[in-house]
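The structures come next, written out as structure tokens.
Two complexes follow with subunit A in common, the first pairing it with subunit B and the second with subunit C.
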Partner chain A sequence: MSLLLYETENSGGVPFGRLLQAEWRRLWKRRTVRLMALAAPLMALVSAKYLLSQNGMLHPGLPEYATAGSMPVLALAEMLVTAFSGMMLVLAGLTVTEEYRSGQLRMGMLRAASLTRIMSAKWLVCLAFMWIQLAAYFVCSAVVGRIWFPNPDTYPLFYEAGQAAYAEGLLYDLGYYALAALVLAALLAVFFWIAAIGRSSTVTLGLGIGFLLLSYLLPTVLTYFRPLFETQEYVRLYFLSLLMVEWEGLAAMLANLHGLRLWNLGVIGGYGLLFGAMTMWVWKRRDSFE
Partner chain B sequence: MNNKQTVGIGNLIRSEAQRVFKRGRTWAVIAVYLIFVPLECLFLTMMNTSFYDPDHSVPLNSLNTAPFLLRELSILMNFVVIPMLAADSFNGDVSSGALRLALIRPVSRVKMFLAKWAVLGAAVGAMTLFTWAAGTVFGRIFMPAAAETTLMGAGTVGGLGAIGFGLGFYGMAFCIFLALIGVGGIVSRLAPNPVLAYIGMLAVIVGGIYVSDGMAFLLSVSDSIFHFLGHTGGSDAYLGWILCALLAGCVIMGAWSWGRREWMQ
Partner chain C sequence: MNTAERDTNPRIVIPQAEPVLVETGNVTKKVRRRALLQNVSFTVERGEICGLLGPNGAGKTTLIRAMTGLIRPDSGDIRIGGRSVVREREAAVLHVGAIVESPIFFPYMTGRDNLDNLALLHPNLPTRKEREQRVREVLEIVRMDKRADERVKTYSLGMKQRLGIAQALLGDPELLILDEPANGLDPMGIRELRELILRLKHELGKTVLVSSHLLDELQKICDRIVVIREGEQVFAGSREEMIGRHSSLEEAFVEMMTS
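Up next, the complex of A and B:
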């Protein structure tokens, strides 16, 4: 009986939990990744320096004026499109393209595990790493904000979403970071697709940066054609770009500006599903011993 | 007796050029850049306006169009083309071990570094020259005709003056690209794999503005050159000197660090 049970359990190859565990260890074996894990406090300090210099030029009544409560959001808005994207590109380039193209992956495939399952495990592990980074960044920027930034009784939120005291502000920040976590998952799916089709790690990075540049460029070009559209249509087209959702869309979602909350969620989900499915398809078709 | 024991720089450049242009992705990235040049031209015809910097717009005509092609194309150049080529050439060869085969002959490592720089410089230089030529020809044919035009830094100029200004502008841009390739050589020396070399170069470009406003020219190539040529003062006034210092620094640092490289690690 027990033997039978053992066999049915094992019929699908290596259990997914074991794959996750193995990938998690493999990830942390890299010196690059361990160094990257230290990035959160550094990034928080860099943004604090930048935001303090910006504060000197802004009126304290503006939502862009950084206070102890709004510091985590303001600090994330710029880092999400630069540093976090960069880290994810490094992860995708190293764990997918590099391992696959250099043949290291074959060692892991001595046991019966399909490429699709390995890649799913890699995606989950990289996402877990990014979410830990995000959480660490939240804690660091909240602490830095509390120490160095003014803490008024209430401060305005973005897009006229009302006034917030410090405690409410932190809740708002948490919501913002939760949405950011979703966008990171979608963007990581995009990068994993790029890493799957990239012939070498430099190509992966070039394509990834190209994707980010295009995601920035197309909405910028769209602003020239603003008079041609209704506001509703315009903002929807504008936030079709994942980068713009990251940059300005998250605050708009929290304020539910022009009904963008559902739309942006749809965009994020759409990117995730589309690129996730395309990645799966690539790995399904591909021979392990190319 | 004149049979020297080391390999000449000419042969090194030739062999490096063969390696660089043997890679499919070199051609791919060049092709992508060449596709974006006419797209940029199309974009400029649609807009009919471009910018010296975010605060100063300028109407385009048949003479002044050429420099403005670089406003968007330099971003593609600095963020995709040069980092890809440099990471592959300076780091990919080494970390994959392919370069060892080339180094079986007694090759000076410093010359190797300089040969790589020269080959990438020639490739990027050809692309820059092509952009200038495309911009000039395109402006003459498709933009509203003008007998003379006013350019920031050159005053009012005629046809020949505009061509001269364009050449000078693209010459400066080429020097910036060369400096970035040199930076790539040094970053690649430190990074253990091409991925980190690529990201390291981006970190230098973006991180430069956190160090000093004088380093912003790697990010905003055309704005900085206009400021420099137009003598508008500010942080770009010393662009010429900063560039010279950066180029010299890259040559010295690169030659020193590549000369000390241990190949059998």
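Up next, the complex of A and C:
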């Protein structure tokens, strides 16, 4: 009986690990992806230049004033909503929309049994790529911070979360990057849904940018209605936008401002589950209909 | 009652001696009430080359999609090696290699890299060494070893077709399904393809199902022919049966298409 079940599971099915391996290797054969992999040090340098010029206009006692310890966080805040989102959108457009619509996946489908499995593997592989990028960016910005930025005994954290010395600061940075890793996973789920319904990679790119713009515009419009809400209600509505969570919400989570830690976690998880389920539904339907 | 018990029966291993490899019974597929396939029933025996003949839009690709489990027929069954593609797809298509519609590869990768990547998805090629070895073998069979390390985007249509056949051979399947492999080839290319398919049969003992909208391409190599028109099977049988009372295969085909 157990032997039979064992055979059922292995009667020709490709192990999921092999699928991951195949997707991972193919990802690295793309020139775009290889170029993207070089982006971390470049982005760190660009951020450093920007933050140094900002420092010239800021009082050293402010949390926005970049120091060796706060550089990785300050350098990530802007890059998350721009470069990292952009990279994920390109990955989704290339590996999902283009490969599916052009028929390039057909030979894999003959072997891997279902689109649902292929797409799950793709999501994990793209996420792994982005997490490695994130780790590389952490290292690069920490190094650049140490070389070019002042390193005071202590410096203030965001939202009055206290003063930190360099070592504590790095721990704080790690926490920030861990939360960023979660948001990236949720945003990648959103982009994978868009890529599943997009008819071409250009459409996917357009829809993705549209999603990001909307995530920026809606909270911005909300600021005009600020007087209508209690503070708690207001910040919660504001952070329903994944983009705002990326931009300002991570530091707020670490300071647990207005109980946002749990709220924002819920928002991140909500996006991930909702869009993950919608994406799976699209592929399940295509698996059984076409 | 429980699935394990219900599944026991079809799992009995059919001995190699069983002559019938492919058996389709009353396959029907409808899309928005239009029948793309209607009651298609035929068999293919081991070691045969079976031609699937029909004009453009007849439903050849649709049938091949159903045979490889890419779509599910509304009714009817397809058995390959005794296993139902509809109910136990993975086991049934394990011994099938196919080109469906056209051989589309990842253009930014070399031919060899494309095959290496697909080989990863074969459970019977567990180690890297075995995969590389097998890829070399199939490239040699289709005579693509010289150009294997160039990117696929530089390949001609004929080379892509041959790489497509190489890809289908990766898992050393009993059955090869080739969807219009002669499409877009020049006469020399078509001739080479014909020789390749005959080699697959005679030297490697493969069973081949090959589709075409041109009778010419098929009549020289096929042992058996299935003709479909607008989703309906109008003939299934040996070459000789098809010729029947007509003076030639062509005449028989023309009559089928016009009657």
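Following the convention adopted for this analysis, the second predicted complex is superposed on the first by the 274 of 290 C-alpha atoms of A that agree within 3 Å, B and C clash if a C-alpha of one lies under 4 Å from a C-alpha of the other, contacts with A are read in each partner's own complex, and residues count from 1 in each chain.
Here is the rule we go by: a contact is a pair of C-beta atoms (placed from the backbone, for glycine too) under 8 Å apart; a residue touches a chain by one contact, two chains touch by 3 or more.
Here the structure is a predicted model, which is why all the values come from computation and not from measurement.
In the superposition on chain A, contact of A:V90 is made with subunit B only, not with subunit C. Look at A:N256: by the touch rule set out above, it reaches neither subunit B nor subunit C. Contact with subunit B, but none with subunit C, is seen for A:T82 once the two complexes are overlaid on the shared chain.
In the superposed model, C is the one of subunit B and subunit C that contacts more residues of subunit A.
Of the two partner chains placed by superposition, only subunit C is touched by A:Q21; subunit B is not. In the superposition on chain A, A:Q232 makes contact with neither subunit B nor subunit C. By the touch criterion stated above, A:I209 is placed in contact with subunit B alone, subunit C being left untouched.
By the touch criterion defined above, A:R111 reaches subunit C but does not reach subunit B. In the superposition on chain A, A:Q163 makes contact with neither subunit B nor subunit C.
The contact surfaces that subunit B and subunit C form on subunit A in the two complexes overlap at residues 31, 102. Within the complex formed with subunit A, the residues of subunit C that make contact are 3-4, 7-8, 11, 68-72, 88-91, 93-94, 98, 100-106, 108-109, 113, 117-118, 120-123, 167, 171. Subunit A meets subunit B in the complex at residues 31-32, 46, 49-50, 82, 86, 89-90, 93-94, 98, 102, 199-206, 209-210, 213, 217, 221, 224. Listed in rising order, the residues of subunit A touching subunit C in the complex are 1, 4-5, 7-8, 10-15, 18-19, 21-22, 25-26, 29-31, 99, 102-104, 106-113, 288-290. The part of subunit B that touches subunit A in the complex is made up of residues 24-25, 28-29, 32, 43, 47, 72, 75-76, 79-80, 83-84, 87-88, 92, 96, 192-196, 198-199, 202-203, 206, 210.
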